[in-house]
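Below, chain A partners chain B and then partners chain C, in two separate complexes.
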Partner chain A sequence: MPYSENNIVGADATEEYSVFQTEQLKAVVGRIDNIPTLPTVVAQVTEAIRDPRVDASHVGQIISRDQALAAKTLRLVNSAFYGFPRKINNITRAIIVMGFNKVRNLALTASVLDAFKSRDKDFDYAGLWKHSLGTAIAAEVLAKAIKSSEIEDAFVTGLLHDIGKLVMALYAKDAFARIRDHVEKNDVLMLNAEMELFEIDHGLVGAWLADEWKFPQKLARAIRLHHNPEAAREYQEIIYITHVADILCRALEIGNGGDKRIPQMSRTVWDALKLNDTTIDSCMTEIYEGLDKAKDFLDLLK
Partner chain B sequence: MQPHNHTCEGEPVASIKAKSAEDGARHAIGELYETLEKHLAFYKRMAKLYSAQSFTESCEQLKTLLAILFNYRLMKVIAWDAASHAYKTIMSTGTPQEDEVFRCEDVMLEWGAESHSASIVPLEEYEQRALGVCSMLILPIRGGQKPHGVIVAWGNIDPTASSRLLMQSLDILSKAFGGILENITVTQRYQRTTNIMDDIIESVPHAILAIGPDDRVLTCNRNAEFLLDFKRAFVIGEKLADVLPHSIAETMSRLALSAISGNEAIDYELEYELPQSGTVTMGISTSELHDKDGRPRGVLFICRDMSLSREVQKLRELDQMKNEFVHTVSHELKTPLTAIMGGSEILAEDKEQFTPQQREILDIVLQNSHRLRELINDLLDLSRLETGRLSLERMPCDLYALAQEVACMFINNQNHCEVGIREPKDLPILSGDQEKLKQVLQNIIGNAVKYSPDGGSVAVWFEASDGKLSVNVKDHGIGIPKEHLPFIWDKFYRVDSTTTANIDGTGLGLAITKHIVELHGGTVGVTSEPGCGSTFTVTLPAA
Partner chain C sequence: MRKIQTMDIEDGMVLAEEVRDNQGQVLLNTGDKLRKTYISKLQAWGVKEVVVEGKETAQGNESPAAQQQADNALPPEMEERIMARITRRFANVIDDPLMRSLMAIAAKHVLARAAKKYAGR
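Up next, the complex of A and B:
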């Protein structure tokens, strides 16, 4: 969707961006007009499943309108990561086996991965996706370990938490080059460089894109606050889980988060999720196992 | 809800359209009510599941609840059984024959147990034909840390028409059932603990009696019935003074008062007469009884028969004294004996100066001194072993080499026995006290030779398995009668019979052997047949 002023400051824009942040967003990503569109199907599915009476075949029909997306979604549904012992060959079946939310999330994942295909050589693009996939797996493993009710959404939130970095890397190359330069010279977190240079961070950029693409609110909030979880007033659990999962993957050196530092773990989050070393240790093994099984996700980028 | 788009004569199209839209809306509202009522019924019924007390009861509720949501043909609860390492059907609504037909493959069960939400699996065509249903519902049962298992149900649920509401309700049911099972398990575990506690109190070898603040008996255990000579049924709820002889009741009341004021008694001695067992000395200990919140509830008496424990105490003291005595005496005997032996050995070096009669006396002196030294050494060894004064000096030992060394000692024996050692293959090295193990081998090989008065061969062989190493010594001697076998390891025990009358021995060798072997963490064993011979086996843990 081409960028227009309305998207940020217009009546539709949330009040969550201050005037200053809006200006900065414009400065960083404002000039771009080629951010890919997300298939409308995903937003339609999100809308459709808000009705509790919606049935699987109806949602199946919506996704199947975009044949390419349906095929990619099915590929993910059938990936080793989900390990369903039989082959699932249509979306409706996928929904009744996996659940409405999970299939919606997979369709969303498939469309985002598709939108961000790139052959850009001067940025470790695969590394960032690997970090994102690691975070997705870590978030799901963590959600299971603490018996969270966010198990279904943890994966997609983890996967897309750094989408702001991708937006900048691909569509705001000048700004991104300056950020990387700053990171390299000062050995700081990418987050710090972003704040130093533009006073907005990749969380904000990602949240902006999430709004543009009409992602569910919960997802947009988690993307925005994953480095500032204490500020969360709603959707705390998913935001906390994403925060911890991101740091875990940095610590495990899964993929490339854009800098060499590990962000600080929030004490509030650690306590609120009742985490302890034993839980984290048991998650580690599962994260590695999950990574092995989730190769299909990265294949969609090729 | 597609509005009908046809026209009827005489009616304007707009009005027809409005009417059919109204019909559609009415129909939709009707459907909505239906859905609502179904789910209301479901949630009302959930309350019963939550109050289930047992597995069977919760399964009954599950059957009903699932039937509200989904008209199933057959339902099973399948759980992972850690003991047999397999999935086991623990409840089914079908007959055993049906259970055989309606099956869910292990991979699917595995997947279901690990998943976190309800799944409806459309069946393949051949399955549909065989079972007469088109779908299989899989619900994980989760609770605690590990997945418990799955609920599987077969039926004609239309997979494509299943709504998000249905899936959500199924999820709620699956979570609730898992939670209830977890609760039941915990409750049962708690009850088991309580039962065990009761058993423990009944089995404690002391009398336990609890009284409330009003001096009435709250409860007592079986031993209290014996020691205080009453029947439980008649004393509970009664005042102490009404059920016990005056002297006992008075003392106990006094002790109870002190206990409440913080002076708890320990083995307060009380003598009294029992009709059957005569005078009994009872040691009474008291302690204030509290409930789990720390509130005082009365006084607890723990009484024991002191005469019994005094007897045991006395025996222990005697045993201790005997050990000390044997140890001291043996030491005291050793010094003069060394002088006697030294002197007689010097004399024996130049036997020519003595008359034949003197020589004979000298031989007898020497022979008996040797026997005496042997006896004293054995006694000292045994007393050290029994009092724990002996410690092992462990080092790597080659049992085969030790056995060869020992066998050399018996090359020219009186009975002309031939000691043959089978060379072992890959015998593990053992960590043990070389001298002590040599003594063990010397004892059992020596016995084998000694108790084979008619000669014959003594076979020694080794076996190693499961981190253990055993030495076997088989002779073809006189053997040991069955009735003596359990006692041969006791000290001073000797099999008395005409066949053993001429065989010397202190009766300490095997007792020492057993002690040493046990000190090494090993065991001893024997099989025997009188007249055919015996086989002694010493088993030691390999290093």
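Up next, the complex of A and C:
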């Protein structure tokens, strides 16, 4: 697959995974049944929300069937990042106050959060979580600044965009160690190392996981294409926002995505989102402010 | 105390009266500190006005000018180290004018944040 240092073209962005990619995925990630299953509840909630007849209490009941998930979700709901001092004690109320999408997104986050808590010394999991959180904040700030229709999903998309790295760190340790060595020795983007060694990238790995866990398609596409936004055939807006948010977060040195380079911002994306220096400047101010407010989110890792 | 519009809420204002939603349920108590982030939530609950303590203008702890000066104090060696790190991160993309101005803007924010941290240590 073609790529060059600055003009990165990641793994092929067509709908299905090619036979080659599936083989590479298996080679890197190993047996597919190694990956734990996401609580089926999250998939059920995604389905339920799609049905316009479904009401808050019904969705609340679905989530509450998984008590651990409900508890974790409520912790996120009540964390300082959401800012409201009044504690919300049940999921149905959370949905009434915050809306279906926000609660679904938090349930998703809660499910995934456990995976970031690894105590292994081999990789900076906390750094990756902070980078993910920074990107989430950046995505939401950016979406609001450009008055995007994707404001509701920006946060969770930013939060999960690098989930592929997490999958590799946890379940493909040998391959990931080789990638990290390559990054260290050559001071390149992790993306470059992945393509050089395995010809697939963390976007593809993440998208594969997103499909396994039945994440909304829009989310899977953004995960897959955040380094290759120009390949997007649909959901361009959220994919473009994620692309920019990742770069802003790195430029502001928030967290650790596993490498020490800034990727090239796509000119197409810059123009499509109608960005300019003033917008970026004010976004950066708000991103740092958001990060300070999100201290509780960071603490959830402990 | 004075009545203000919900949208005029600023960080640090203190409630002089409890706030109830349109069903009469208490949302916030007298003495609670307000934040700008509450505005949209209060509006969602139908709260148009709140009563806060204090006179006409909100008093900050320091004048903005004094705050700005404190923020600018970063030792030159630290500033150099940070700039070198930032320049290195952008090394691959520095030929692009878009990335060059992005770097300049980011550097400003990173340095300001470092200065604030340094001042507060």
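One rule holds for everything that comes next: the second predicted complex is superposed on the first by the 280 of 302 C-alpha atoms of A that agree within 3 Å, B and C clash if a C-alpha of one lies under 4 Å from a C-alpha of the other, contacts with A are read in each partner's own complex, and residues count from 1 in each chain.
To be clear about the criterion, a contact is a pair of C-beta atoms (placed from the backbone, for glycine too) under 8 Å apart; a residue touches a chain by one contact, two chains touch by 3 or more.
Computed from a predicted structure; not experimentally measured.
Annotation for the three-chain superposition on chain A: chain B and chain C clash. By the touch criterion stated above, A:Y288 is placed in contact with chain C alone, chain B being left untouched. Legend: residue contacts after superposition of the two complexes on their common chain; A:R75 is shown touching neither chain B nor chain C.
Using the contact criterion defined above for the overlaid structures, shared-chain residue A:I280 touches chain C, although it does not reach chain B.
In the superposed model, A:E152 makes contact with chain B only, not with chain C. Using the contact criterion defined above for the overlaid structures, shared-chain residue A:R178 touches neither chain B nor chain C, since it reaches no partner. Once the two complexes are laid over each other on the shared chain, residue contacts for A:A251 go to chain C alone; chain B is not touched.
Shared-chain residue A:R53: touches chain B; no touch with chain C.
Of the two partner chains placed around the shared chain by superposition, chain C is the only one that A:M265 touches, whereas chain B remains out of contact.
Once the two complexes are laid over each other on the shared chain, residue contacts for A:R93 go to chain B alone; chain C is not touched.
Among the candidate segments 19-27, 73-81 or 91-99, the part of chain C whose C-alpha atoms clash with chain B in the superposed model is 19-27. Counting contacts by the rule stated earlier, residues 83-86, 97 of chain A appear in both its interface with chain B and its interface with chain C.
Listing the residues of chain B that touch chain A in their complex gives 32, 35, 105, 107-108, 110-111, 114, 116-122, 159-165, 167-168.
Listed in rising order, the residues of chain A touching chain C in the complex are 5-6, 83-86, 97, 247-248, 250-253, 260-265, 267, 270, 277, 280-281, 284-285, 288, 293. If you check the complex, the residues on chain C that touch chain A are 27-28, 32, 35, 37-38, 41, 44, 86, 88-93, 96, 98-99, 101-103, 105-106, 108-110, 113. The residues of chain A lying in touch with chain B in their complex are 49, 51-57, 60, 83-86, 92-93, 96-100, 102, 144, 151-152.
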